[in-house]
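Listed next: structures, encoded as structure tokens.
Heads up, the next two complexes both have chain A, just with different partners, chain B and then chain C.
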Partner chain A sequence: MSRMLMRASNVTAVYAADDGRDVPAVDDVTIEVPEGQIVGLAGESGCGKSTLGNAMAMIANPPLYVINGTLEIEGQSIDLRTLDPNANRRHRKYRGDVVSLLPQGAMNAISPTLKIRDLVVDVLRAHDRNYAKSDAIDLATDRLKMLDMPTRVLDSYAHQLSGGMKQRMVTVISTLLNPKLLIADEPTSALDVSSQKALIEMLLAMVEKKIMSGVIFITHDLPVLSMVTDRLAIMYAGKVIENGRTEDLVHNARHPYTAALLASVLDPTEDTRTKHVLGIPGSPPNLGNPPSGCRFHPRCRFAMDVCTTKEPATLAEGDHEFACWWAKEHPRQSVPMEVSHA
Partner chain B sequence: MGLRRYLTSKALWYLGALVVAVVLNFLLPRLIPGNPVDVIVSNLSQGANISSEQQAKIYAQFVEEFGLNQPLWQQFVTYVTSALQGDLGTSFSSYPTKVTALVGQALPWTLALQIPAIIIGWVIGNIVGAIAAYKGGGWDRSVFTTSLFLSSMPYYCLSILLLYVFAVVFGWFPVGGAYSLGMSPEWSWEFFWDAQSYFWLPFASLVLINVGGQAVGMRSMAIYELGSDYVNYSRGLGIGDAKMTRYIFGNAMLPQVTGLALSIGTMVGGALITELVFNYPGMGSLLFNAISSNDYPIIQAVTLLITVAVLVANFAVEIVYGLIDPRIRAAKSGE
Partner chain C sequence: MSEAATPTIAADTTQPVLSARNVTKQFKVAGGHITAVNDVSVDFHAGKVLAVVGESGSGKSTLARMLLRLMPVTSGTITYLGKDVTTISGRELRDYWRDVQAVFQDPFASFNQFFTVGHMLKRSLRLAELSEGGEAELIEKCLGYVGLKPDDAVYKYPHQLSGGQRQRVMIARALMMNPKVLLADEATSMLDASLRVSVLNVLQSLRAELGLTVLFITHDIGQACYLADEVVVMEHGLVVEHGTTDEVIFSPKHDYTKRLLADVPDLKGSLKSRSWQPDAPAAVTTRAIDRKDA
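Up next, the complex of A and B:
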């Protein structure tokens, strides 16, 4: 296995609710990214994947608070907690430089009254006050040329670019400082398929050119994930319930939720016409009051008595990890896929 | 070139609006029931012993002089031709004073009161609103409630309250007027010193209301901008708070600039009630007195001035907006 680039351990992030209770959206999650790899983070909406992304990108904003967690990256250890008032100042120097964010819906990610070149200068100067304006523009120009993008976009305002171009431009800005880790939060969700393809090819090219050393790719779009990622982590109700190499998860899912999530996507094969998309019955739980035991048990086809009372421990088969009682009783078996034919 | 064409077409639009406004301006006062000459004649005959025959003669002479016996369209033509020559007619009620002279006396008072009040109120209001949005919490709640209270309070309520508390109860300021009896407007320190003591109360009442209105607007704009994607993204890139605040202000400022230009436009008639409460000899008082005595030429002159000021301010906003916001600039020049 390749060298570990970063490890975020025991991340817990809560939303402070109005009634004084804390709703844990990310509950004691540990996630790793090997050097040079793209790790996918998937799950239904509300499972905490974007919240985990925000916690790792150090941009948690009230009412979201990171109450526990450490990020180890290339020998540095960063305290992710945002409870103390100095957290913002403490985290600022890492943002964009060590960990950078490629945001969800980049459509409005650039201030409408700002030229792209001015944002480029502002980003570089935020980390080095004496960065010369011309050097900043040169760096961005070189980067654009390297990625086969037109350099005239630097002189544009955000509204003058198409959606796909804007998202790619934002990707270039996010990676200007050669961040160690890029957290891409649903970067392809708002794009048409050809723009999706262009963006993904650009990301892969950037990883290959070692502009960044690793990527966490957050999305609910499983076909995209299985195409670009080396590893996958599946989240459910604030916890990572399974993670491993992408091909292992896709072909040998060990957690019933992973299997159900994969079954809810149509694979275009010869008998696609005769297949039904299988949904997952029920809806994700209320995180303010999660189910006892395994959080997935109310929706699980394989739920047993123990699932309702005791939380499953994380087990490992090689570098494939999962937390499930059924998987414990059925070692090295994939979850039987439920396929219904019309 | 697109921009020039845009400006020309806009200018033509505003010219059209001006024509419509002038017509309305001319017609509306004439739709007020009552006849101004009646008022003048009855004023004249008060106390004097004038026979009804003489009255009828005086009446006929005034009607002739003011051109009220002509058909409406002819009156309109006369009005427009003389207005273009800078002659806005003769006041009916303060006959034979020229309207331009009366406006010339009143306008400086209104401008001196309103321009500082609007600008200071705008600057303070925007700063207070932005800070409230940025700080949040208790700061925000108290600022927001106070601003909302101030901005939704009718002008005259605040004016009367201030007048009662600071002029009547405490006696710190004079009760009304713009300068002491026995003084007459002139460029001297003595007069200026006297006038400034009358200035502060109406000024304060206008500033407070302006601050309230601007703060409410700026606060909600800034809160909206604070939650926007670009703020979050800039944070994620490690951009500092100072820079980010500049982005936020740049965008939150746009509607506020319109507000400033428009309030400068409406200021000519804007402080009517404030001026009445404080008995301030500005355009508001002039207009009010003219309306109560059916003094068409003055009403027309004041409303014409308001119309022109509003149109010019709107035109200015369109140009300024295009300079600040690239999106609007693009839409205008048809890029």
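Up next, the complex of A and C:
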């Protein structure tokens, strides 16, 4: 495997609930990004994927507290814990320079009264108060040229751009400082397929041109992830339950949850025309009181007695990791898909 | 128009339930106008699901808004059960709105944050003009159609529901009016894949059980493929292709349809060059790993 760019170890992040309890949204998660690769983070709504992204980007704000976790990137080791309220200020240097987060719905955060060029200047000056306006615009212009995008966009207001173009612009702006790692949270979810493809191609070009050295791509859209990522990590109820090379996961899912997510994908194919997908029964668990044993067992078709009592250990086959009792008993077998045909 | 009673539309393929004839919508802009929907004619037949697909800005939602009578047409006519409804108003329009219901993209935007789901559903019932007393049963029945129990929803506030639950509550709300036509405008695009399938399955079973006519607007051809009987492809306000789902998706004629299909991300495909070979089974052993030691 190629050199590791980043490794976030044993990240635990909790939301402080009103009744004084801590709800762990991310529970002892370790995730790695190899140099030059795009890693996908997938799972249902509420599984903790965005919370993990926020923890890694160090933008955890109350009621979210990161209570454990370190992030190693290019020889630096950074303590992710929310230590004091001033942590925010302390980490400003880190954000944007080392790790840049493109939050969900970022394209809607462009000020309607400013031109895109003003946003470019604002972002760069947030990092260096004395950044010259002309230098900022030059940097953005060069970057757009490099990615074969029209530079006239800089003189536009947000409402003059399509959703796809706005999303590509915020992606470009968030990487102007050449962060080591870009964390993109649902960047394609609000876009139609053609704009999705344009954004994905741009991201691939950015990695190829070494604008950033690695990307964590968060979305629930598995077909998009399979187009763009090298590796995938699947999260369920705050834990990573399977992770490996994208091809391995897509063709050879080892966790029943991954298989159920894959079965829910609707491709425009003859197969989709006739199949009846059941989806995943039930709903994700309450993280304040997660199920005993394997957290997926109440919704799992393969649940055995042991699943209800003991948490499965993480196993590996090559560099494909998974945590499932069924997979342990069925070495090297893909989980059978449950789909009925009309 | 009809009372709020069990829909009794027979699967009649000769007379459409709802139809749009040469409908055009122009918006004024500085120095002229934009034609958002250009001379579109579509028929919606009872008990069928018709999908309208196209990229952002192709006029799908504008067409839906006109069909819903939320926006006046620039020219053309809309006919509902043989009656011209293009310019009806007052009482007639209220009756029309009861029969033609809609579910929109963002379920969060359709709720008032300060009211419980039960309160919201009861308010909607004013349009149904029910006699007192039947409310709770009707709410329970309609939540049942979408696989929710009253306890899951009625006493909860919108933020306590998941995205899929919120969208299913919106469908239940629409069903309380006992509609003949349900218009779903990107109703599943904010949901993740497994919830999306469950909402699509709800629509499928409603068509089978209640003979509901569904207009399904989406940019995702995969969903149209799963659910629809007919597909209309729109580009820049024009209908460029219209046919059965099999015709449009498996043997597309128009270049735009072909491009849309080509842009759909493929689970088994990749933009990255890969030469994936499954590892030889014997070479791989299952081993335990412990992160804390690593």
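Simple rule for what comes next: the second predicted complex is superposed on the first by the 335 of 342 C-alpha atoms of A that agree within 3 Å, B and C clash if a C-alpha of one lies under 4 Å from a C-alpha of the other, contacts with A are read in each partner's own complex, and residues count from 1 in each chain.
Methods note: contacts are C-beta pairs under 8 Å (C-beta built on N, C-alpha and C of every residue); 3 or more make two chains touch, one makes a residue touch a chain.
Bear in mind the structure is a predicted one, so any value in this text is a computation, not a measurement.
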| item | value |
| --- | --- |
| Contacts of A:D122 with chain B and chain C, given as first, second, both or neither | first |
| Winner by number of chain A residues touched, once chain B and chain C are compared | C |
| Contacts of A:H220 with chain B and chain C, given as first, second, both or neither | second |
| First, second, both or neither for A:G318, with chain B first and chain C second | second |
| First, second, both or neither for A:G293, with chain B first and chain C second | neither |
| Which of chain B and chain C A:N108 touches, first, second, both or neither | first |
| Contacts of A:R95 with chain B and chain C, given as first, second, both or neither | first |
| First, second, both or neither for A:G40, with chain B first and chain C second | neither |
| Interface residues of chain A shared between complexes with chain B and chain C | none |
| Residues of chain A touching chain C in the complex | 9-10, 28, 30, 44-46, 162-164, 189, 191-197, 200-201, 204, 220-224, 226-228, 230, 245-247, 250-252, 260-262, 264-270, 272-273, 275-280, 283-284, 313-318, 321, 327-328, 331-332 |
| Of chain B, residues touching chain A in the complex | 228-230, 232-240, 243, 247, 250-251, 324-327, 330, 335 |
| Contacting residues of chain C [partner chain A, same complex] | 55-57, 162-165, 190-198, 200-201, 219-226, 245-246, 249-250, 259-261, 263-272, 274, 276, 278-279, 281, 284-292, 294 |
| Partner chain B, residues of chain A touching it in the complex | 57, 59, 61, 92-97, 100-101, 103, 105-115, 122-123, 126-127, 157, 159-160, 170, 173-174 |
